[in-house]
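What follows is one structure encoded as structure tokens, with my remarks underneath.
Chain nomenclature is as follows: A, B, C and D, assigned in order of appearance, with residue numbering initiated at 1 for each chain independently.
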Amino acid sequence: MTDTANRSTSGPGGLHTGGSGGHAALPAAAEPGPEPLIFEYSRPGRGGAWLPEPDVPVRPVEDLVPRELLRREPPALPEVAEVDLVRHYTRLSQMNHAVDTGFYPLGSCTMKYNPKVNERVAELPGFSRLHPYVPDELAQGALRLMYDLERALCEIGGMARATLQPAAGAHGELTGILLIRAYHESRGEGHRHKVIVPDSAHGTNPATAAMAGYKVVEVASDERGGVDLAELERVLDEDVAALMLTNPNTLGLFDENIHRIAEMVHEAGGLLYYDGANANAILGISRPGDMGFDVVHFNLHKTFSTPHGGGGPGSGPVGVTEKLVPFLPAPLVERDPETGRYYLDENRPQAIGRMRSFYGNFAILVRAYAYIRALGPEGLRQVSEDAVLNANYVMRQLAEYFRLPYDRVCKHEFVLSASNLRERTGVRALDVAKRLLDFGIHPPTIYFPLIVEEALMIEPTETESKETLDRFVAVMKRIAEEAEREPDLVKEAPHTTPVRRLDEALAARRPVLRWRPEGAA
Amino acid sequence: MTDTANRSTSGPGGLHTGGSGGHAALPAAAEPGPEPLIFEYSRPGRGGAWLPEPDVPVRPVEDLVPRELLRREPPALPEVAEVDLVRHYTRLSQMNHAVDTGFYPLGSCTMKYNPKVNERVAELPGFSRLHPYVPDELAQGALRLMYDLERALCEIGGMARATLQPAAGAHGELTGILLIRAYHESRGEGHRHKVIVPDSAHGTNPATAAMAGYKVVEVASDERGGVDLAELERVLDEDVAALMLTNPNTLGLFDENIHRIAEMVHEAGGLLYYDGANANAILGISRPGDMGFDVVHFNLHKTFSTPHGGGGPGSGPVGVTEKLVPFLPAPLVERDPETGRYYLDENRPQAIGRMRSFYGNFAILVRAYAYIRALGPEGLRQVSEDAVLNANYVMRQLAEYFRLPYDRVCKHEFVLSASNLRERTGVRALDVAKRLLDFGIHPPTIYFPLIVEEALMIEPTETESKETLDRFVAVMKRIAEEAEREPDLVKEAPHTTPVRRLDEALAARRPVLRWRPEGAA
Amino acid sequence: MGISYIPHTDADRRAMMAAIGISSIDELFADIPEEVRLRRPLRLPPALSEPELVAHLEELAAANPASGMVCFLGGGVYDHFIPSVVPYLAGRGEFATAYTPYQPEVSQGTLRAIFEFQTMIAELTGLDVANASMYDGATALTEAALMAVNVARRERVVVLGTVHPEYRQVLATYAEGQRLPVTTVAVDGRLGTTDMADLERALEGEDVACVLVQQPNFYGCLEPVHEIAARVKARGALLVVSTDPISLGLLEAPGRYGADIVVGDGQALGLPMAFGGPHFGFFACRAEHVRRMPGRIVGQTVDREGRTGYVLTLQTREQHIRRDRATSNICTNHSLMALAGTVYLAALGPRGLRRVAELCLQKAHYLAERIAGLPGFDLVFEAPFFKEFVIRCDRPGFDPAAVAREAGYLVGPDLGRWEAGRRGQLLVAVTEQRTRRELDGLVAAWGVAR
Amino acid sequence: MGISYIPHTDADRRAMMAAIGISSIDELFADIPEEVRLRRPLRLPPALSEPELVAHLEELAAANPASGMVCFLGGGVYDHFIPSVVPYLAGRGEFATAYTPYQPEVSQGTLRAIFEFQTMIAELTGLDVANASMYDGATALTEAALMAVNVARRERVVVLGTVHPEYRQVLATYAEGQRLPVTTVAVDGRLGTTDMADLERALEGEDVACVLVQQPNFYGCLEPVHEIAARVKARGALLVVSTDPISLGLLEAPGRYGADIVVGDGQALGLPMAFGGPHFGFFACRAEHVRRMPGRIVGQTVDREGRTGYVLTLQTREQHIRRDRATSNICTNHSLMALAGTVYLAALGPRGLRRVAELCLQKAHYLAERIAGLPGFDLVFEAPFFKEFVIRCDRPGFDPAAVAREAGYLVGPDLGRWEAGRRGQLLVAVTEQRTRRELDGLVAAWGVAR
């Protein structure tokens, strides 16, 4: 099923940088080709030279490890000089668009600025050199940070207690749904086997419910983008364990019926789960707990400014109301009121168990804690106000060029549809996205939520200036015009990126999932 | 004399990134223009928000500082959001060629790999948070490092003692020449007022001698590239204070007569100064002290791997033989043999004085020390052997395509001439240099040394792999061929850089040396 | 002054509100019903300026004196050396501040690095394909069990009792959700490896989907993996191996002895211990099972000009396409940590990795022997081990962990944390960073102290 | 194993030697005469692997306990706060590992940053143009004197006695080389500023090229610069001002009161103290003197397509063109430190810089007042000051620096280091980093200790 990766050959004239580009010779302009893989720099016997000689008496390895357990063939890791290593990953980094290089209005992802001070404090040796199994007495600073972060998140979410264990949003969701299950079981309602999710929900919501052993029931959205109350009424019964919701929802719209929805679910004996991916709209403005949610997860890598790392690490703490506290996974950090000492409390007999090793993505918690402390209560509220202001400012202007399926005030993000363009010019949301790349702007999330065709989901975040937003609007407008005048320019975009549009179908049809040396099977 | 910098205007369609490019509208391909200046991101009232409120009682400023001393108008520093700051300098960085991004065979500059571990150790708070006026007892680690580095440099140079004060090569030269002057004066030979430099010398040598109050006398090179002994004989007299030499010299050639030269200068009562810019060829192989030099400076930012920083900081420690030790500037680090404690000795009555504030570029010294400790004696010798091997390997192959004015074994670098190309095709060394940029390779030093016309001075360094060298040779060969076949391609290069060939004459004729806001005078 | 992370001036806000056609920011929140609004400021401490923030965090960091002590702690996180290039390169903003590479044309840096990572993990584990990373070793092992259940179309999961107890707890939590039966195999108390007879019992019936093995196991001991593999295979179950990637410099690649899925935690590959995270989980399997693998996968393809490029592929396994029928709910993984691991492995190369493994092995055995020679001290298990081993001390009233701590050394964890019957038994882990002076220092502390 | 920084394997070396046509590396060194060869290995300690190296340097760093103490030390280097963006951005490899921007097409990053730097320095100092940096404040001041001598075509240099003694020492060293007479003006011992009568005396004759002033001066005091300027101008000499750039957030730009050249040390602008270096010197002058200015200068121009770009310009002043007739021998300057300063100033902006200056001012005055209130303590000078001041204590047998050190505070330097008559007088510098708790703590240490 896997296949050999093409490796460009390079004769002396075939010029290394063009490696993976497969250029036999450089074009006249000699634009350097895309950077090859690290393996192509490898030469037997090179590199790997930073290790000391043993300072203890050395015994034959075979005396220590049974021969049959020893590795017969070394792994084909690359053997490269340090300078080539540094150049390779430096060049790779330059092939990325990132918040640090430009605007990134990727809806649902909250690609705000990641403060550098957070990196600085997370790297302090007092945090980074701490083994998770050190005695509590020797890690009071770390425990206090976790304790205070938990309290801050609970205050923001309107919850009683929280676990910091989950490593990402989806992991938080799973934690939350298992908490809900434990709650029902503790009340002898283990029969509840359904979880309701709106049709606008993120894929992790149904996937999570399924992973927790639940049957997923979809509920449709109404014409204002919220949960259709009649539909909800219809699917609510005594088998329902929970409704998973994000509010504002994935359309960027605040569900005005949230109070009624909560009542309905609770009346049916179910609980309400809050997917905090969109919490950037509500900091200090409205709390999920006050909306009626029983369980909340936050994405620290969205709302609380920790860097997304090209796909993680994240952190997805889960807060709960009083009645769910007993089920939170062990350990929690507690504070002895007498001595003021912090400690890890493993003694939680009703806990759902453990969601991961150790206590959570601690270095991410440090960053989020630093962020909350840097902003304070007024700052956090300002974050949400400006995030919402930015979104509405852009939405109002773009509504002239793209279809706005739900024409109401949005929160921190909004969803446009390129269906108008598509009908007239054949230019799709995907094409608009790719054309944005030529202008150094990361595209919005596209084709999500699923209930809007040709969706363009735009989340500017509060950290972008008016000038950046103005430029984005100008570029979007220009692309809309190009679509009319010169549709192929848009359909063939991008034109200026390190590689052009990639054949994703081929990748899936004939998967090449690892590098192999030339000539290998 | 100065003039207003052009500032690109940007209407909503005029698109920010193109700022300084002066593009009125984006081209169809919308390749982002060059990054503008930070000032163009500035908006009144933005940014600058990281400061605490005063925690002491505040008094009116006018009560503390006489009103006439207070600033009337704030400086027009930029006011930018942190995210724009980060993006701006990130993008600027991506406009640089650097050792971390590619091959950099810039002759005389020793652009070797700068180990990252050196950065790590130099940043340790135990070093970086140390004020220079702390008591010696509380800085024993720093003092010991300086002490041991001085000893190591003395061992490598064959010198008795050294000062770590000088901040760069030229600064070391000045220190050394002033030491020589003090020496002569101490012997009642203050009349010596000439310094001899070869015609192949680096510009800092004559400039230094002049700055130290000396008359500069040039001595010609012989046909093998060394000092012409007859010429030297002619200029040597009782007014000569010193001969400044680098060996291997700026042609990359070892002066085989060095012993004789030293004898001649010493016989005339002069001293020998060693410009250590080319020391990368001789580590553990030959020591300036053993060659007969009396004063030596090293460029830690060349030979000892500290990063060049886009033009510094450097460090140029100066070592001397026994007879010059009394004149070394204060303080030196000494070690009390009884207690083993290190201390700064300011009590140096014959010292030439002080060359700068404090004790030298300490954080650079840390890096050089780490480099020497990482390599050890065998490693340092290997550095020079491989530097010389690499240079000869490239030289032999390029001699087919370019003129090799001195056809002998070279040391760590060599000088080619593009005069052959120029005669036949009009393509100059400058054009070859610019064309290399299209291949992602930094050009050699050009038009230096002055005694070779159309000079291309190539220093591969030991940290480059055979593959990198092979690629360089292939590209140089290809450019030589292009010069014959398609000379305009070369003369109009570069084609792929963020900006193309720049009008240096205009810059000098009509100097614009600072940014001014649009409309300002 | 404003807030550093927010660019807007009041003038900006006014201009933007005018453009929208509102006169107060509150109008943008009119859709939030009164009864769910927060009508007071959040009860949080006031904002700190950057200098205050740094000072505060430095104070908290300084309140963790354990971070400055000599670390012999084990149990899944180890104090290995981190080459300077690793944080330097992985910390570059273009890597750190990018999202998941949904737009491949401007994400080739991340995509290429992940493709390299997949290749390296496949090489290390001896399997065909690897994914782009999981959260950690524990969730990777658990997801492996869930995948095996899918592949094998059987329900029961057998886990050896020598697997890290926290990993088994995570497995239990997830299995509870899916109502999967889990059988735990007893430990041979003398050897410190699996009780083979009990394994045989656990395998009875044709319902076992997989057997989860940790090699080296939680006690540091080396399991007889060939024998285990033979028995697992004989019953048609999948063999899932969780492993310390450093050990693979020296120990046989699990794919070579029959593992169908190999997982592990990547912390040892150049990541700081960081009080337990973030690290990353790795996950490799056989090519024929790739469409059941959880997580993201990068594949090679070509662009419209025929140039090689990389994209996220086989996405129909994933939650954003398959929703409730996805192979897992994982979305964000631990990409940046995996990048650090990639740089680490590239910096070491095969010889460097072997050297690290050998140094751990030799130093651990040196220390074990010296400790065993101390009066009252004893190695608990007899099986061969790699870099970690379990000790106990029967000197009355003597607390070896406390005595070590006094002398600046951290040893443990105490197995009593998970197994009451083993209270006082301590794990001791020895990495290549521990010098002979430190090893001898620990021994000396125990030799003389009282 | 080989050496990490060198890529060659023995196979590489053999292939390359074969290509050159030699069979031993020694053939490449045949031109080095026997008598100058080193026939033994260098006497240096053996190579350290990276982990050993890091451990060794961490040990040396830990042997500098002063780095962890609360710093009230002054005298040209100050413990200001460094915003996190500064080292983050200035530390990027593309900036750090580039050479001087000789090839502008691939150096626009460095060139643009220097152009920004020049602009900011011109703005701060109130002059027209600035260069790309000097080594430090002391050499910048000295080069300013040499330049002034050139511009004025006069020989004598007058320096105020309130200029940093080390700066004056550097001036003396350089002046000695060029045989320039230097006159030092006396200090008014009550005020701590310049003795104006002595200045008048020093200016007699028409041979004074320039007067060198430090504002705030070495004692922290504010010189009456308007009056000084008037007298200097009256004699046709150039006014050279050395200044603390932080003070320019609050104090008048020297260009506005007549300075012809303004210099200073940039350490306060976001650079670590680093035991004294590297920092950078800045250098600004009037437009009409730019062709006599030392150092590199970046200018704006256009490329062949008309796009704005930046280049090194006015190079005919420099050593590589003008050789022994250059304005200075400086070549490598302190570009990367100047970049850090640029980022610092951009991060703060005008309001931020003013705030730092005000915090220093207020805190310094709070502390000075409290110290002056302690029995036996006294402020030495009466002139107004900015962030630094001189104290003395006449309690018999009481060593204030030593007592402070015991309590974790560093104060000084002791002026006796340079002026025997002022032994026991201590500089005290207060930056915005010092909290009230620390200020009160120092006072408390002196209040209670005996």
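Worth pointing out:
The rule is simple: a contact is a pair of C-beta atoms (placed from the backbone, for glycine too) under 8 Å apart; a residue touches a chain by one contact, two chains touch by 3 or more.
This is a predicted model, so every value here is computed, not measured.
Shared contact partners of chain B and chain C, listed by label: A, D.
A comparison of the B-D and A-D interfaces places the larger number of contacting C-beta pairs at B-D. Inter-chain centre distance (chain A to chain C, centres taken as mean C-alpha positions): 19 Å. Chain A and chain B have centres, each the mean of its CA atoms, that are 45 Å apart. Across the assembly, chain A contributes 43, 46-52, 80-84, 86, 90-91, 94, 99-101, 113, 115-117, 119-120, 463-465 as residues in contact with two or more other chains. The set of chain C residues that touch two or more partner chains comprises 1, 3-8, 12, 48, 50-51, 54, 83-85, 88, 92-94, 351-352, 355, 432, 435. On chain D, the positions that touch chain A within their shared complex are 1-7, 9-12, 48-52, 83-85, 88, 93-94. On the chain A side of its complex with chain D, the touching residues are 43-53, 80-84, 86, 90, 115-117, 119-120. Taken together, the chain C residues at the contact with chain D in this complex read 1, 50-51, 54-55, 81, 83-84, 88, 92-93, 351-352, 355, 432-433, 435.
For chain A in complex with chain B, the touching residues are 12-13, 15-17, 26, 28-32, 41, 43, 46, 81-84, 86-87, 90-91, 94, 99-102, 113, 115-116, 438-440, 463-465, 467-468, 470-471, 473-475, 477-478, 489, 495-496.
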